[in-house]
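You will see chain A twice below: alongside chain B first, and alongside chain C after that.
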Partner chain A sequence: MAAITLNGIRKSYGPHTVVENLSIDVNRGEFLTLLGPSGCGKSTILRMIAGLDSPTDGGILFDGQRVNDVDPARRNVAMVFQSYALYPHMTVRQNLEYPLRKRGVPKARRAGLVDDVAAILRIGPLLERRSSQLSGGQQQRVALGRAMIRDPAVFLFDEPLSNLDATLRAHMRAEIIRLHLRLGKTMVYVTHDQIEAMTMSTRIAVLDGGRLLQLGTPDEVYARPATRFVAGFVGTPRMNFIPGALVQGDAGCVFRADGLTLDVPVPSLAPSGRQVVAGIRPQDLLPAEGGLPGRVTLLESTGQEVLVTAALGSQEVVMRLEDANGLRVGDTVGLAPRPGKLHLFDAESGERVGP
Partner chain B sequence: MPALAAPMAGRRRGGWSLAARNAAFGYVLMLPSILFFLVLIAYPLLQTFWISLHRMSTLTRQGEFVGLANYRALLESADFWGAFGQSLVWTVCCLALQMGLGIGFALVLNARLTFRPAARALVLFPYLLSTVVAVLVWQWLFNDMYGYLNYLIEEYGLSDGPVNWLGQSPNAMISTILVAGWKHFPFVTIAVLARLQGIPPALYDAARIDGASAWSRFWDITLPQLRPVLAMVIILRTIWDFKEFDLIFMMTGGGPRSSTETLPLLIYKEVFPKLSMGSGAAIAMVMLVIMVAFFWVYAGQYDREERARSR
Partner chain C sequence: MKTPPMKTLGRVLRDILVWAVIGVFSFPLVWMLVTSVKPRDQTTSYPPALLPDQFTLEHYVNLLFNTAFPRLFVNSLFVSGVSTLVAVLCATAGAYGMTRYRFPGRSLMARLVLFAYLLPAVVLLVPLYVVVAGMGLGDSLWGLVVTYITFALPFALWLLRAFMAALPPDVEAAAAIDGASRWAVFFEIVIPQALPGIMATAVFTFIGAYNEYLYALVFVNADARMTLPPGVMRLVKESYNIDWNVMMAAAVVITAPVLVLFACVQRHFSQGFGAGSVKG
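Showing the complex of A and B:
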């Protein structure tokens, strides 16, 4: 177990800066997820923690010790790769043993450790198979096993589930959560899948364009997204965004949507005329008498819920209902945000406005 | 359903099933290859074997049937055993040199180098050069009177006098092997480089994290990944080196005193200067048997190892 500190990390490839002034403290035993769209620098950050790449600037500390110049082998980290990176010409047993062999663990002890890991991951029957002959899910397990077997201080995962089908992904997600509970090791997990981030993490670091946008627990990130980007990235279906301004209403400050007769009181803010974007999650948009008139353009039912897409003036919003209540495409429905569930972001900077 | 099935059944031509028709089409497609094989490989082979059973003049192509007499004479001939030994030395040394240089250059070219595209083009140069030109250039470099190598040696005082590169044994063999290594290593480089670039970089990342040194990464990842391509390259280069003729013939003509005379050169000597076509053909048949035996053992070994690995 180790605490990891990223201290003002910058990484550039020639003129391209892919990670900018990144500072994160990963607590001991924490499951921290780096969440962001493809190309935002997540793998680069993880590789710098592993020691596979060096930061251009800034320090990486393990338990307060600077490790910038420490070889990956000596950082006591294990990594699971998106492609699994199993050694294709070796058997499963040889793959599991490899990190032990390279550390000079004696043969008898190696065999015992392989058996332990194989039992935990239920890959015993596969041990003598060549790793290239395994299915994706089996390879995934072996890759986990190869990471576990050395009992490293830190686990690093680079989108380990993205090559699996949906059922297996959900299953392995649970498996990794259990692994974290069982081992209690510090884990840094990279994904572009917000569901994985929400379900697995102690904390989530949301990244875009190489910059840290928000660092917080899943609940914090979901309930109080720090920027419009975070709000749009976390949560399915996606949050609805409606542009407008903060103006003086009948009883204090209101959000007034552009071109719509939607006023939502936001008493805690000043009616400065500031241009903002309001965000409303689909489940926080309710059908209401006298609400904004939306024309239903699409109904998608999953059996347990219905997603209603409605045109509001020139833009579409999505509403999530438990059942359609006889709603049909073409109907007009009144829409109103659930009180207190409006998120406001500055129209220019995207920063959160207000509480 | 029956309404549909009836007209379909009616379309079966000549009562042939679909599978039989596909198979027949397959045979038709194979026909050209079978013909090529018969005309270009089987016929000359049988013809050579037939000639080797005769005492035949190269000029008249006439001669009496002597059975295995040519083969018996070979086994008793010092020339044959000399050439056999030289062929062995030649093939093994050329192969080792070409593999070493070839793999080495491939590893260098696979590294991230700024001049990589230029270097990759340059490395092909010896392979593209015609053998005649290559030999002329090297003979000039090797020349004992005015050659560039001896000039260098004298300049830096590396040896007492000029080195007789080609006119003395075993220098001639060594020099010729060096030229063959230089000439043919690019083939190995290109084949190995193509494979190296297909090795997933994540394997090396994983190995670094697992604690493998640069040397173990080469040994545990690169080499096993190269195995299939190396197996193929070794087969091809062995065959080509074993039957190399023009390069040795032009460099040394087999001399001095037959010290670089390999089996192909011996065949030439039998067939042309000595006009003894039958014994030339007999040597050619022996070479074929050696190659087939080598191939058999080598391929069998490779197969066994592959099977052992995949179990």
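Showing the complex of A and C:
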């Protein structure tokens, strides 16, 4: 187990900067997820932790020791790749044994370890098969086994589930959570899937354009997104955004939506006239008498809930309801945000405004 | 279930066509083999007999004991074998370097590699002769080896570069993290995956050197150091009457190593390379 410190990391390829001045402390035994859209630099960060790439600037420390110039082989990390990266010319057993062989583990002990891991991951019957003869889910298991077999200090996952179908993905997600509970190792997990990030992580680091936007527990990131980008990226269905301004209302500061007669009191802020964007999660937008008139344009029922899309002036918003209450496409419904559930972001910078 | 008659007919016609094409292409080879075991008096008989009345191995005995053929054969195998070995070894390492390391002029180099290969052989004949003679390798088999490597290496590099570029780099990264050194990654992970490509390259390189005529004719004069293509030509020229039977026997023996080579590596050709290592 090791604590990882990323200290002012920058990575550029020629004039192109992929990661900018990134500092994160990953605690011992923590499950940290790097979450962001493709091209946000998250895989590059993982590769730098593994030692496959070196940072242009800044230091990477394992338990306080600088490892910038340490070979991947000597960092005692294990990595699971999106592509699984099994050795195609070897059997499953040889794949699992490879990291042990490279570390000089005696043959008898290797066999025992392979059996243990095969039992945990239920890949015993596959041991003598070639990796090319396995299904995606089986390959994923073998890749996981190859990572855990040598008891590394740190586990690194690079979008390990994105090539699996939905059912298998949910299953393997649970498997990785269990693995973390069982081993208690430091794990760094890269994904663009916010469900994976929310369900698995101790903390989430949300990245965009090579910059760290927010670092916090899943609950913090969800309840109090630091920027408009984070607010839009985390949570499904996506948060609704309504542009407007902070102005003086009847009783203090209110958010007034552009072109709409919506005033929401925000007593903690000053009515500065500042241009802002209000974010409302779909479950925080409720049908209400005297609310904003929205015309229903789409109803999507999943059985347990209904997503109602409504046109509000020139834009569409989504409401999440437990049942449609007889709403039909074309109806007009009054909409109002749940009190205290309005997120405000600066219209220019996207930074969170207020508490 | 009964197959509709039209479908059966179509299948039969297709089979006939396939066999006809196979027949056309294999006939010269069959004729070569048949002529090499025919008694001399039946060789040019009319109408030609596809199968002779009796078979004889006298032409092979003649070829192997009364001509310079065995010497030529050994020389050819040596020249082709050594140049293939050197070219494939260098090209494997070179192709790996070209696909996995970033260095200035990388893509330019990849394009220039084939440049020498694009020039007609005859253009380089005199300059190469001067170079080889300057190295003290004139009129020697090593001179031919050097020459063949000059041509084979760029070609091998070019072929193998494509193979190496298709190998997923993640697999090598995984091996590096698993504790393998650069060398271990190359020998234990890259080479086994690139084996089909290496085999294919070796076969092409070998055949290229084995069949080469022009340089072998010009660079080597002594009978003892002659290779098959110019050597067999000389055997044919020297006799007043062309001995077709011996010549066909020679052709059979010349073809044999290539067929053996193909038989040995065919397994690797048909194997999908890189399959199953990575997904997506």
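Heads up, the rule we're going with is that the second predicted complex is superposed on the first by the 355 of 355 C-alpha atoms of A that agree within 3 Å, B and C clash if a C-alpha of one lies under 4 Å from a C-alpha of the other, contacts with A are read in each partner's own complex, and residues count from 1 in each chain.
Please note the rule applied: a contact is a pair of C-beta atoms (placed from the backbone, for glycine too) under 8 Å apart; a residue touches a chain by one contact, two chains touch by 3 or more.
Please read these numbers as outputs of a predicted model, since none were measured by experiment.
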item: Partners on chain A (chain B, chain C) - clash or fit; value: clash
item: Which of chain B and chain C A:N163 touches, first, second, both or neither; value: second
item: Partner chain in contact with A:A50 - chain B first, chain C second, else both or neither; value: both
item: Chain touching more of chain A, residue-wise (chain B, chain C); value: C
item: Touched partner set for A:Q248, first chain B, second chain C, both or neither; value: neither
item: Which of chain B and chain C A:K102 touches, first, second, both or neither; value: both
item: Partner chain in contact with A:Q139 - chain B first, chain C second, else both or neither; value: second
item: First, second, both or neither for A:S131, with chain B first and chain C second; value: second
item: Partner chain(s) touched by A:S349 [first = chain B, second = chain C, both, neither]; value: neither
item: Partner chain in contact with A:S83 - chain B first, chain C second, else both or neither; value: both
item: Intersection of the chain A residues that touch chain B with those that touch chain C; value: 47, 50-52, 71-73, 77-79, 81-83, 85-89, 98-99, 102-103, 130, 133, 146
item: Chain C-touching residues of chain A, taken from the complex the two chains share; value: 47, 50-52, 71-73, 75, 77-79, 81-89, 98-99, 102-103, 130-134, 136, 139, 146, 150, 162-163
item: Residue ranges of chain C touching chain A (in the complex, touch as defined); value: 168, 170-171, 173-181, 184, 189, 192-193, 195, 272, 274-280
item: Residues of chain B touching chain A in the complex; value: 200, 202-203, 205-212, 216, 220-221, 224-225, 227, 309-311
item: Chain A residues touching chain B - in the complex, by the definition given at the top; value: 47, 50-52, 71-73, 77-79, 81-83, 85-89, 98-99, 102-103, 128, 130, 133, 146
